[in-house]
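Below, each structure is written out as structure tokens.
Next come two complexes built around chain A: one with chain B, the other with chain C.
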Partner chain A sequence: MRLANAYWVQARLGLQAQMQYRVASLFSILGFIIEPVVYLVVWRTIATAQGGAIAGYTADEFVAYYIAWTLVRVTNIGLTPYVWDGRIQQGRINDHLTTPLHLFHRDLASFAGWKPVWIAWWIPLASLLVLVFQPQIRPSLWQILAFFGAVITGFVLRFIVLWVLGLTAFWTTRASALFEIVTTAELLLSGRLVPLELMPPWVQTLANWLPFKWTFQGPIEVVIGKTDAAGTAAMFGYQFLWIAALGVLTAVVWKRAIRRYSAVGS
Partner chain B sequence: MRAMRLLGTHWRIAAMNELQYRANFFVQLLHSGLSLVTGLIAIWLVFQYTPSLGGWSQPELLIVMGIHIIVGAVLRSFIEPNMRRLMDDVELGTFDYVMTKPVDPQILASIRELRVWHLVDFVLGGLVLGYGMIQLSTTTSALDVVAFGATLLAGVLMVYCVWIMITSTAFRVVRSQEVLNLFEGFYQTGRWPVTIYPVWLRGTLTFVIPLAFAITVPAEALSDRLSAATVVLAMSFAVVIVVVSRAVWRMNLKHYSGASA
Partner chain C sequence: MPVVSVDSLTKTFRVPVRESGLAASVRSLFNREFRHVEAVKAIDFTIEPGEIVGFLGPNGAGKTTTLKMLTGLLYPTSGSASVLDHDPSLRERELLKRLALIMGNRNNLNWDLPALDSYELQRAIYEIPKDQYASRVESFVELLDLGALIDKPVRNLSLGERMKVEIGGALLHHPEVLFLDEPTLGLDVTMQQRIRTFIKEHSRKTGATVMLTSHYMADIVALCERVIVIHHGRIIYDGALSNLADQFAGYKTITVTAEQLTPSMESYGSVMSVAAQVATVRVARAEVSAVARRMLQDMSVLDISIAEPPIEDVIADVFDSSEPET
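Right, the complex of A and B next:
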């Protein structure tokens, strides 16, 4: 109960901070939306040129895929390890260690609090994309609801992945180098660059064993109708499994990290 | 002439400063290497499914990618750091020091910074471009190479002009950081020829953020599809944008109120 309350307060603080920078958020989101528009145009062009479909995706499904992509991306932004480099190098983490609320909850809650502002900007931009690119896919109500749910759990999962990655900053001063390697792997193995069906079979197998897929392609497939009810349930299952496993890992690593850490000045 | 000497001096200092941090070279190498690999994978994937993308063959797309990396290197090693410093100066009021020097402030503000390690991208971009050229089935004439050089220079100049216009609005609104982030987002579109994009985006990438002139047009020169009309258009637009950006700079400069004013 106390934790829920803390989340509520922290999220409201995050929301208010973000409200002050509304225009900044708009520009950032515009920057985010350009990336999938590029992919969309490239793959729609190819699918159309190849008679309407490649690797089981029609030109129209590519359009729907990358438009759904935008909500996934806008929502699944987490704390990047760049912030961790600063927290450790400059000792700013000390402030956080002296509060009773675990830093993980603080970060997660304040990121969650941002989302309403970002999603509020996303709605008109996504509507514009729908108007411009005219996807013909009409998801049913349950698909839309499941999609929103999967986007949220996908955010939590990606947030944990990034957070535990950020903890490596306790051991190395260049956590961001590792971060770049992982984001490259994520780009290729999550369905962010292209739907995984376009990748060679061994890449698809590899992707099945990693968490990334469940933060991008998993939720997207639900809303564009690439999976049925059973597939959707399985997707949620994988998401929760990964959240649980990485949650345990985070707790273990955090304990060790804190034991290792000695504040600047001590 | 004097501007050239100043440029040399500033670059020498900047280079000496950065060369102290050798480890950053490897960080940059990792960064550039990863983005090169993803770029190559994207092109490889495309050609798994199609023999040509909007009329561009695989070697031709490698040429586009090589130019994209090279122009990106100019941006990140030279143009972007100077513009960031300019904005910081305006925010802190330290732009006074630029104004009081006996040189044109626009020149001084544009040459003070150089990020040496980003020059890694010059080499990588050059390699990709060279590989694309070797794979090309058509022959490239000396005239094509001249057209390539001229349009590339004009294109980079245009991109600089757009940046100086964006940045000089910092004199009025102080923070243009987010606009610059947006520019970075747009820069990613230049990896593919602008001809594949829908009209509204192609228009934006030609006349608002002139990546078409900086990347696609030079690539057209090397892939034997450049028309004389495009060259004339590129050169005239370069002249127009230089004049306009200079006017915008002077207009915005009037709004700088200094630290102590």
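Right, the complex of A and C next:
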């Protein structure tokens, strides 16, 4: 009850704070929309030129893929390790460490609180994309509901990945360097750049063993009909498995991280 | 039974050693050197419930390191500490709910929102009943004069205003132990005075135990009957503030500006500096009026001022009898 209440209030503060930056949010989302629109136009053109499909994706499925992509991207933004560098180097984490609420909960609730503002901006922009590119995909109600559910769990999963990555700042005070490497890996292994079916088989196999796919392509496949009910259930299974595994890892790393914290900078 | 108890508490940092210059930077890529810095060396003290204790020392003496160990921010290298019967290094929620650490650069409120919104979060985290929360906010608004501040976004507040709302937020849960690290740092005199009064009043009302570091002697004099002085990681004085002042600050400084200084300035006291028309002399407290009178008689004085020695000087005198170990 205490934790739920703290989550609720922190999320509300996150929402209120985000509402102070409505225009900045719009510009950020525009950035997130431009990236997939470029991919969409390129791959739709190539698919059309190749006789209508590449690696099992029709031109129309590419359109649906990248429009769904926009919601996934807007939703799965988490705390980047750049923030951790500042927290550690300047000792800004000190106040949080003397508060009886784990910083993870505080960060997660705060980011969750942002989402309604971003999604509010996303709706008209996504509607515009649908109008312009007119995907012919018609997902069923369960696919839509499962998609939204998977987007939320995908957010939690990606948030944990970034959070545990950020904890390396306790050792290096430069977690951002590692973040650059992981971002590149994520770009290739999540389906963010292109659907993984366009990648070599070994990349696809590797992607199945890593968490990134379950934060991007996994949810998208559900809504564009590239997977069935069993595949959707398996996707949720992978998401929860990774959340549990990384949750344990986060707890272990956190315990070690704060032991070696030197509280410099303040 | 003590609220804070410290036994042979020690903290050693491992810090990289690197000479300046490009060559040294390149060498350090292949051969990194470290040295161990003992910031706090086997210190012992206890603090009883309701005490307000000043923790004094120059920069780098080990004050903040000690406070950080007592609040669980740092793990001790050896020795032990107990706060409210808890080991702070375990960072148990039950302990964190009962203490507060306020640093001069505290930044715990949401920058974009009015402080009142962040206070709500404190209420939720510390499970403060709504009626108590309302009365505490009302009381803090009055004591800290927050009326015009708590509904303005924190980013629009000045440093002093922000510090006031930060302190209000940090004390909403009525901590039993309060660690204050330079709480009046960078504030103007009026703001310092208000915060001092608030801390004193809050401690009196709630019975909170307070441990305070400050370079402002006025903070210490206004709040603390007892002081602990730390230097080079060791405690070199633990006792009444009045004794410290009598023992180590039994003098004042007189700065005199004259058309022509007398050649024998040392006849007034210990000359600290002399240049052209201005001289500063250290004079025993009991002799200050007599010496000032003599100066006015002996010289054509343009200006004269009598000042308390700065806290750093007082402590420096304490340190004279405590050379650092090598």
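The criterion applied here is as follows: the second predicted complex is superposed on the first by the 264 of 266 C-alpha atoms of A that agree within 3 Å, B and C clash if a C-alpha of one lies under 4 Å from a C-alpha of the other, contacts with A are read in each partner's own complex, and residues count from 1 in each chain.
Operating definition for what follows: contacts are C-beta pairs under 8 Å (C-beta built on N, C-alpha and C of every residue); 3 or more make two chains touch, one makes a residue touch a chain.
Just so it is clear, the structure is predicted and the values come from calculations on it, not from any experiment.
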item: Partner chain(s) touched by A:R259 [first = chain B, second = chain C, both, neither]; value: second
item: First (chain B), second (chain C), both or neither touched by A:A245; value: neither
item: Partner chain in contact with A:I144 - chain B first, chain C second, else both or neither; value: neither
item: Partner chain(s) touched by A:V130 [first = chain B, second = chain C, both, neither]; value: neither
item: Chain B and chain C contact sites that coincide on chain A, given as residue numbers; value: none
item: Residue ranges of chain A touching chain C (in the complex, touch as defined); value: 2, 5-6, 8-10, 13, 16-17, 20-21, 91-92, 94-101, 258-259, 261-263, 266
item: Of all residues in chain C, those that touch chain A in their complex; value: 13, 68, 71-75, 91, 93, 96-97, 99-101, 103, 105-108, 110-113, 117-118, 120-121, 123-127, 153
item: Complex contacts: residues of chain A adjacent to chain B; value: 23-24, 27-28, 30-32, 34-35, 37-38, 41-42, 45-46, 49-50, 54-55, 132, 174, 177, 180-181, 184, 187-188, 193-194, 198-199
item: Residues of chain B that touch chain A when the two form their complex; value: 27, 30-31, 34, 37-38, 41-42, 45-46, 48-50, 53-54, 177-179, 181-182, 184-186, 188-189, 191-192, 196-198, 200-201
